[in-house]
């Protein structure tokens, strides 16, 4: 019978039964076999800093939306640890392909939050430079960015470049055909691509139990012949440690993998959503008790890494971020409407001249009318 | 409009227990626009249920359910998320009756909230109707007023052939004095919403209202603009369209979608072929520019409005 | 930590390391634990009969294509056991959603092979009645039929009907998003759907090793939380036994599953293909030695179930089939071109009258010209 | 034609090592039509490789590879298998330059053998070009003769923006005396293939040849038919089109695709708008009927041929 040889221990294909947790719910550290922490004090502080900044920026964004300054906004509240921990494992040259909820990852990667928020304000479709920041455009059509990530990683692999790609998407996204095709392509080409799923339990109103019958999302990796890892996504150290391992493997040429960070979306799906229609206050309270920042604070304080000076420093920085965002976004004017014709083609069709002229006339007429 | 559509779904499910509603967030949440509100509460999880997040899956499984004998009414959450289902729509939903030599029928309705004007983020304001009007085997309809919303949706659900039902999302909040249930003109019929003699404005979905406003505004120029609500893009009511052009001699077709290769081209081509000698000017097309749908703050510059429509009438009359 | 409880023995999620084989390569029967055979002598003979008929019909189709009577044809040579064994586990009321290669399954389900061949001749797009035969239209766009199968099974489940659906597709098909979405939908709704993959090692020229890195195709089931079974697809009894179990489970309300039948496409992909470009004579010879019909013959002969009388009977029947096919297909006229407008809509648009009239005029002109 | 395309790929890969070719069966097999023949042999598996069977995956990963810096040339095995990639093409490939405000460019070519006339089974004879001409951000081209096949493909690969390259599969075996490499007119240019004064036939891809045959046959009626090869559907060369209609006053546009909402409507609408007073009859459209592509034995009744084209000329002249 001609078949492929199976690995010696088939059960090794499966994700471990329990998610990796480094900080337990009470904030005590337990290193986990196979997922060593290589973090210095500096790094612990940085992780904390990014999480706090992310939360502050998030809050500012929600406020701006309430004030009518953003059209809509998708909050990351509760997911700071997963996003920050994951992205912190990347190097300068690496790339991130995000969904629309990755403000935390954006901060870690040095993307200006205002640029991201211009998308939600609708000043332009997107306003950061993916090429300079190695942070792809926020992708709204679910799971589509996973294929761009796989392709980018295939490119890096073909080119022999030392580079890892991380693609973020949600639990709901795993149901789309594109997520499947992306994981399969990455696996077949051994591409250095880490698929980082933030399982925040919901796709808008649809709970995970209606999304899949898989025991866990990490189990989906088995079908692509790649490792599936799980971590406590409200534990920044676990999220980091698992991402660290995944990124190192990929960088070493061992191919892609899937990470499921188990977390919870504390806010509405977006500012347009009403979650009271589909989830209970009790559920919310249970997860609130597992707040990722509070847990990390307990640990840092116990370790003597978090004193009032540092807190004040971060607080200042957070305020400055928020102020810059307000200054940049509040009543921000839209660009020149004629720019609409600028970026569709390098080499626009002749008809663009006519259409541009029509818009110019309309603008002039409005001006005259006003 | 939103309420008329919701009532249509309630009534259709009440009248025929083979009607089932499914899609993303249509159950407990009642849909992001609440068009499926209280259906699950009233008819249970077997008749109205949430699906995994997969549009091809939704349409493909609707085909299977229709083969089984159900009448699925599925939702694509937004216009821009219809594309993953393109293959199932074009290669299967549209063709299966024909491929089977008439032995199979697929009474499936795909509801698609579409169009811009509500300040949404990207991919939430698309006007993809022309991709589907080109597909033989589909019916494509779009109501412009609430009573039509109700009646066309009921008729679509009753149709033995698949219907793509484009809901003008910026008109969800449009009000009309109408007693439901109501039966308006059947699919395949265009309706003159306003009589006029100077020129005809052709529109469907969200632009019907805009054209009526343009016609009103045109009065100050001394123009009597006729407004024809196409309602049914496929089948297309060439007769009503041509009759109007015979009368006015001038035609402007309006939609939100980019003009190039859009549905307006079909209207223009049909009118030219069928009313060549009545035309005093070519059919002019007013729509979005030939660019991707822009960001929210810029959509007002992209979308056709009263001024752009009247400008086209002006050009037509001056031709 | 709030997570779903894992099954007590996680490794039970994985397919068994070896494919189920009931008849070994030399034709000796070994019953396999958990996959009992419930077959009477009558059934053994039937299975044999269907396999032989399928091969004969297949050969007739290839000949017709060589004679220019069919446009193209996709042979099942070598896959008789997988197809026949799988379909034989179904009951009258059950449905099959096939790809384009399922002549064997069609025969078992009582579909007239000529009707299928009209598709390949191009007389009409399809010519059997799916509603009457419970055999879906042959699906050429890869993996798309799996969703129709899932939907049909969802319908049956909603309706509380005792009915199982079997969807056939290929190893290559497992890469398509639709296969993924279909398996996920079926699993989420516990729909009575059996996904039967004929892993014939190739998708046209692309070998399985370039299609996926999964240890086996059956492992893909893990990601949907459903069982994955493997069988020797050149062993009709193994194919049947595994399908039997899968169908029984589904009928009992235990939900969908995935079967991988490991087999080999002995012919070209279709009559239009040139497999010498991508596979070796040695490989072919290796599989030829594992011929599914020859193996079953050895067994039947040893059991005294295959005598010359029965052979002659089948031979007669096969000849009759082939003759009927030739009679039906050879130089078969196409239908009335005006029928082109008949089946697109129940209620055709007004423009059809014009177009029909145009075609009528053209036909008349041709007639006049000829 | 097939050979010209194969040579174009060889030359493009030879000239620029960022050009990579991938898709289903394009490697060892050289593609089902052998258009990628010997590329893998010559350039190795890193430059030309087979993918898993997943069209969305092919286009989506091509986007990623283009972001990385490669110039992917991917193949959809047949027209009818482009649909699963619709989402990636429409929402991402076409829009990414614009969405990023010009910071990203995607030099991707999607090769699509298209059209009928070769007696293929269903889904292998589609003409899906109109779905894509409506998408801002894409270029859509289709060669009608081998030298154009070569030159347009080279130019498409060099284009910094994505191009959908529709190959007229029934013309793969068309011969032409041409020394390769050759540079013909650039994308965005229509070309008069045959001069005439009686009426103009507009076509692209497979129908160019058919129109030339019709023009020849038309001589016996005393007609001097002009044949314009559109070549580039988007960008569209309105100038050449209009100049021809100004001269002849009669226009017939021909494609294999179903006429309703097809690309012919755009041509008709543009001609009417831009050459209204030159037109002595409406632009007539000749194409497939508004039905799903039929079975092989019936395609001859569906597809436009010389007679149907000449019949349209007749009707135009008699208008």
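Order of writing sets the labels: A, B, C and D. Residues in every chain begin at 1.
Please note the rule applied: contacts are C-beta pairs under 8 Å (C-beta built on N, C-alpha and C of every residue); 3 or more make two chains touch, one makes a residue touch a chain.
Just so you know, these numbers come straight off a predicted model, no measurement behind them.
Trainee: Starting from the Cα centroid of chain D, hunt down the chain whose centroid lies farthest away.
Mentor: Of all chains, A has its centre farthest from that of chain D.
Trainee: At what distance in angstrom does the C-alpha mean of chain C lie from that of chain B?
Mentor: 40
Trainee: Find the geometric centre of each of chain A and chain C from their Cα atoms only, then give the gap between the two centres in Å, rounded to an integer.
Mentor: Those two chain centres are 42 Å apart.
Trainee: Could you please state the distance in Å, as a whole number, between where the Cα atoms of chain B are centred and where those of chain D are centred?
Mentor: Taking the average C-alpha coordinate of chain B and of chain D, the gap between them is 30 Å.
Trainee: How far is the middle of chain C from the middle of chain D, if each middle is the mean of its Cα atoms, in Å?
Mentor: 36
Trainee: Name the residues of chain D that each touch 2 or more other chains.
Mentor: Residues 52, 54, 56-57, 80, 83-84, 87, 91, 95, 98-99, 122-123, 136-137, 234, 236, 260, 290-292.
Trainee: Residues of chain C that touch two or more other chains: which are they?
Mentor: Those would be 124-126, 141, 175-178, 181, 184, 188, 210-212, 344, 349, 351.
Trainee: Could you draw the chains as nodes, link the ones that touch, and say if you get a line, ring, star, complete or other?
Mentor: Per interface graph, the chains form a complete graph.
Trainee: Write out the stretch or stretches of chain C touching chain A in their complex.
Mentor: 1-4, 6-7, 10-11, 13-14, 17-19, 21, 25, 175-181, 184, 187-188, 190, 209-216, 219-226, 232, 255, 262, 286-287
Trainee: Okay, in this complex, where on chain C does chain B touch?
Mentor: Touch list, chain C to chain B: 97, 124-127, 129-132, 136-137, 141, 144, 146-156, 158-159, 177-178, 181-182, 184-185, 188, 342-351.
Trainee: Chain A touches which residues of chain B in the complex?
Mentor: 24-25, 27-30, 32, 50, 52-54, 56-57, 80-81, 83-84, 119-124, 260, 289-292, 294-299, 301-302, 307-308, 311
Trainee: Under the definition above, what is the set of chain D residues touching chain A in their complex?
Mentor: On the chain D side, the touching residues are 20, 46, 51-52, 54, 56-57, 59-70, 84, 87-88, 91-92, 95-105, 136-137, 139, 160-161, 188, 234-239.
Trainee: Mind listing the chain B positions that touch chain D in their complex?
Mentor: Touching chain D from chain B are residues 56, 80, 83-84, 86-87, 90-91, 94-95, 98-99, 122-123, 130-131, 133-134, 136-137, 234, 236, 257-258, 260-266, 268-269, 272-273, 276, 281-285, 290-292, 319.
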